[in-house]
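Going in written order, the chains are labelled A, B, C, D and E, and every chain counts its residues from 1.
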């Protein structure tokens, strides 16, 4: 029933315990927000879910299967910084995932195939409100527009799970609000499972269907780094998947596969294009 | 009566009008918050108040005298980034202004004079909540601690006016709150005039005694850059100088000089040390 | 106003920039005149007229021996060598540098060796270079390559390693294999630094070109300089040196503009709109 | 797993790093053996034993003529030259670079000239260096300086210009005059890049040292290499080249560590706590 | 290594190299005028004549096996290829220096004034040898002066500095230096005639296996000699070509030739080679080289490297003959048999 399952996870860095005894099971279509003190290991936890790093102990299962030890297209990601490719225009950033899938050699399409891909991403470009900026480079976009693009790019391949590490931490409050609307819309339309680390408690409560708090349970004042953080609170906020219709009924992989969300370009337009450049 | 007076200010960049017809008169001890769309010229305005740039038209008076065309110690500043010196420890960052004042040659004191300066900044170090981090380099501080240091450093020489350009824009909401408390305390204790640009409307209302909004009054859809921004709203929020006692009664320079705020080290401790490192 | 805030106007900037050149010319003229008063046949500091005459002879009068224009032949020969040499260095730097920067195994294997190799002054191993590459064009080009490629490779490797981890994770979540990561992320992201490395590399490249041509060549700017040095023909040497400097300057500018025009994304102009 | 994700273990890293060195040694040994089978007196690729014997002779046997240890004398002489040369270059780079980076008028005056000057291959203008500096140690050091200082100056000037405007405004609001801005902001902030420039500059410095010692010398590593080249004594040349490489490597590491230890703030370790 | 293997075999194409020096300029002309091809065709081989600017590098390359032949002096032939175990035959004795090398003092006109001075020269070159011989003749030794190495490329410019008061060098550097008013030539190679000999040497094994190479080189050389020595337009053209290739003009080149005793006539060269004086010269040379430790690797005595002269006479170790003076090809030219 759960897309993501974490069992007895622990992480040490050079003998320092960062995370310990983390157990978590996330239902398909959940929007999990994660909060915790700075440096407590939230990003580390996300890196492990990505497969970028391996846990010292425990394991992570995706759809019941241990995740491979490297990032794969079933788990998309958006970081606070460096989430889009500075050398590609907005349009090319969105086309990149498809080009990678279809041109396994060079990773680059030409001629008709290239035009085809660009046509396929046109709708997504519109949905993230960047159609007027398709030919700009990321360096010419505001922070909010960049994060919008990063999210769009992460969604092109329709990942099972979307991981977000403080994606809006550097944005102005007004722009942040627009981004919240955008991410909620996309989440509802695609039905994917979202895992979002944030420092903004308000944001965490507002967006999540479930709030996870990381903290150290035990402190040794003489050896402050002897114990790692774990999950200290795990609050359900609202039912996981808003379009509840296609939620899988049981731990049936086939059913889980069927719950694959609809393509973004098949989804209705959000109709809003916030944060147009001044 | 007003510390700062701006008359008919206009700024063009390469023929593009950025600011136009700005008139403003700021009373001593005011806390002016400035908001406006991104790119409308708020930072430009601040650069002119600093003396870093010269206006194309109009003039700026400080205590009735045109400001010199370069930054001077009567106007302190805190930017969002690069506001402290990465090669100096926290303590040395605070000592720097005094060393510059006292060692006009090398800008560096030695031996007793150096220890004396360090003793003088000890109290300020405490007030900005960094006494436990005095020997760290800025690169080893969190963003909040860095901005705390930047404010402290700007206050060492007790400037008439403190200019802040989105000083807390990159901070987490929790830390931001602590910073608000800090800046308000320091403002009340020193009685200086504050000019703060922010993107956070809530912050602007909460802190300011007066809110200034920059916007374009006129738009030409065919030449969007033909007209510059000006002050579109100017709302008084609360009386300027809270410790109203020592406000000058008239445009008397001597009285204005007497209003020089008390030294930070003479002020009472705030008693709070937020954002200690984890 | 503080010195650091005093900005000269555009015209003043040009005038100031011309000053040191004018000063050098003046000092030279005076020194040359003085030496000629002492010894009318002095060759060390020829007068400007003498140099002009030499240029006329070398560049605009066909050689008696071959009927060709010596200076242009020399220029073409040298440009060809430096062009091929830098091309080889660039390809090596790109291939090895990206391999080293991207693939941990290759980095572990090559980084210490390339590091050590880049510290060998190539002119000390000239005999070996000439034995391995013969004395033809290959050896001259090889000297340029040996002198420039290791440092350029290190620059590219560093640039590759500097690509933020986040981007590598991101492209992997988009399903890229290692080769695709190379073609779609590393190569394009490293290009601006590669052009920078080429510009930096052109300085030693000229030095090695001149050294190589001094040893075995029958044409080339460096060859001519060394040939006429036996007679202390500074009237030829100085214009040749000036010419080399001009060519080097033009090449440097050309690469700079290439980077600005071709890789607009890397030159953050316009900023956030 | 993708190649870029496959990280060799620490031991594997050392083993891989040693590989190319071992390969070069092996190839050399085989080539040398082959040549010696052909001609037992071959000098081009001496065997390792022959080189060891040469080192024994040069470094550990007092010279018949002077009773001194040739290789150490050579090393000392060269180190002194390169030391003084780099010291002069460093001071020049710091003074000129900061002046150029900080003061717009000086930048306008010197930037074009230094830019053009850095492109002149110094060996082509040796005769002029001779009249200015004579033929003694000064000329050799001058060649090193002329070869390294312009590029180092440009690096420092760039580093100075890269100091964020915000910091300059800030320090002015703290009342600093231009000179104080230089001593308290520019100099310390530029130091890490200066050390980087020194490390980059050491590579050409060795090349110019070797060239300089060909001019007129009685001692020095480059002198010895050029001298024994006259009879193709590769058994001396190769160990000398290896020795130069080792010294260059040690110097490079030393400056790196100096920067890490002395300028901890610039090496962002620890990160935000 | 493959180059060496190829040496002894029957081959069709060969490479020889030369460097710029008055007595060797004909090689450049031989190549460019087509004389070389003409003579090579005659013997059904091909010969490439390659110019190398750096004299020492040309010898090194020959020694390393890159070239089948090379121009060099008798002294360098003994110290570098022969001392390095490359059996070498002096195929053509082109000329000897008859004033082409000289000792120059500033503002002094007595050789004896050199005592105690810094003498700037290319160490271990024929200049060094000339100095040793000159000092010998006035009862001094090398210990009485201080030798400072200067690269030949820098020598002329170096002479302009105060530091240089004494120098030893060769043409064209010598004549350039002598144009300075303060320069006095106090000794030159005409005072040790026939001791500094300019040769075209070839690898002995290659020559043995391919006598056509020797014939083609010698044939081309002496045809060039007869043209260049003639007072015809063709001769002047040839000399002009050589002058320009040497970086000077006809007058400058002819003045260099004046101090070069060219053997335009092969018979003279044969006679010179057969003279016992050559053996005495080579004995001087090997003693000089031995004293400076450059006669072969760890040579225990001057006898270490053997030399062979016409008529079967030898110097040094007969089991290690590495340098041979063989006039037989020049003799063929003299007798019109090529």
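Keep this in mind: a contact is a pair of C-beta atoms (placed from the backbone, for glycine too) under 8 Å apart; a residue touches a chain by one contact, two chains touch by 3 or more.
Since the structure is predicted, the reported quantities are computational estimates derived from the model, not experimental observations.
Shared contact partners of chain A and chain D, listed by label, are B, C.
Distance from the centre of chain A peaks at E, each centre being the average of the chain's Cα atoms.
The greatest number of inter-chain C-beta pairs in contact is found between C-D. Taking the mean Cα position of each chain as its centre, E sits at the greatest distance from chain B.
Centroids of chain B and chain C (each the mean of its C-alpha atoms) stand 48 Å apart. One inter-chain figure worth recording: chain D and chain E are separated by 38 Å, centre to centre, where each centre is the mean of the chain's CA atoms.
Chain contacts: chain D has residues 2, 44, 127, 131, 172, 177, 229, 232, 273 touching two or more partner chains. Within chain A, the positions touching two or more other chains are listed as 39, 70, 142, 278. The set of chain E residues touching two or more other chains comprises 60, 64, 156-157, 160. This structure has the following touching chain pairs: A-B, A-C, A-D, B-C, B-D, C-D, C-E, D-E. The touching residues of chain A, when paired with chain C in their complex, are 50, 52, 70-73, 75-77, 79, 81-88, 96-97, 99-101, 104-108, 136-143, 153-154, 156-157, 159, 277-278. For chain E in complex with chain C, the residues that touch the partner chain are 17, 20, 50-54, 57-58, 60-61, 64, 66, 152-153, 156-157, 160, 172-173, 176, 179-181, 240-241, 244-245, 247-248, 252. Those residues of chain C that touch chain D in the shared complex are 2-4, 6-8, 12-13, 16-17, 19-21, 24, 44-45, 102-105, 108-113, 115-116, 118-125, 127-128, 131, 147, 151, 168, 172, 177-178, 181, 203-204, 206-207, 210-211, 222, 225, 229, 232, 234, 237-238, 240-241, 244-245, 248-249, 252.
Residues 1-2, 5, 273 of chain D are the ones touching chain A in the complex. Note for the complex: chain D touches chain B at residues 164-167, 169-177, 179-180, 183-185, 188-189, 191, 263-266, 268, 270-273.
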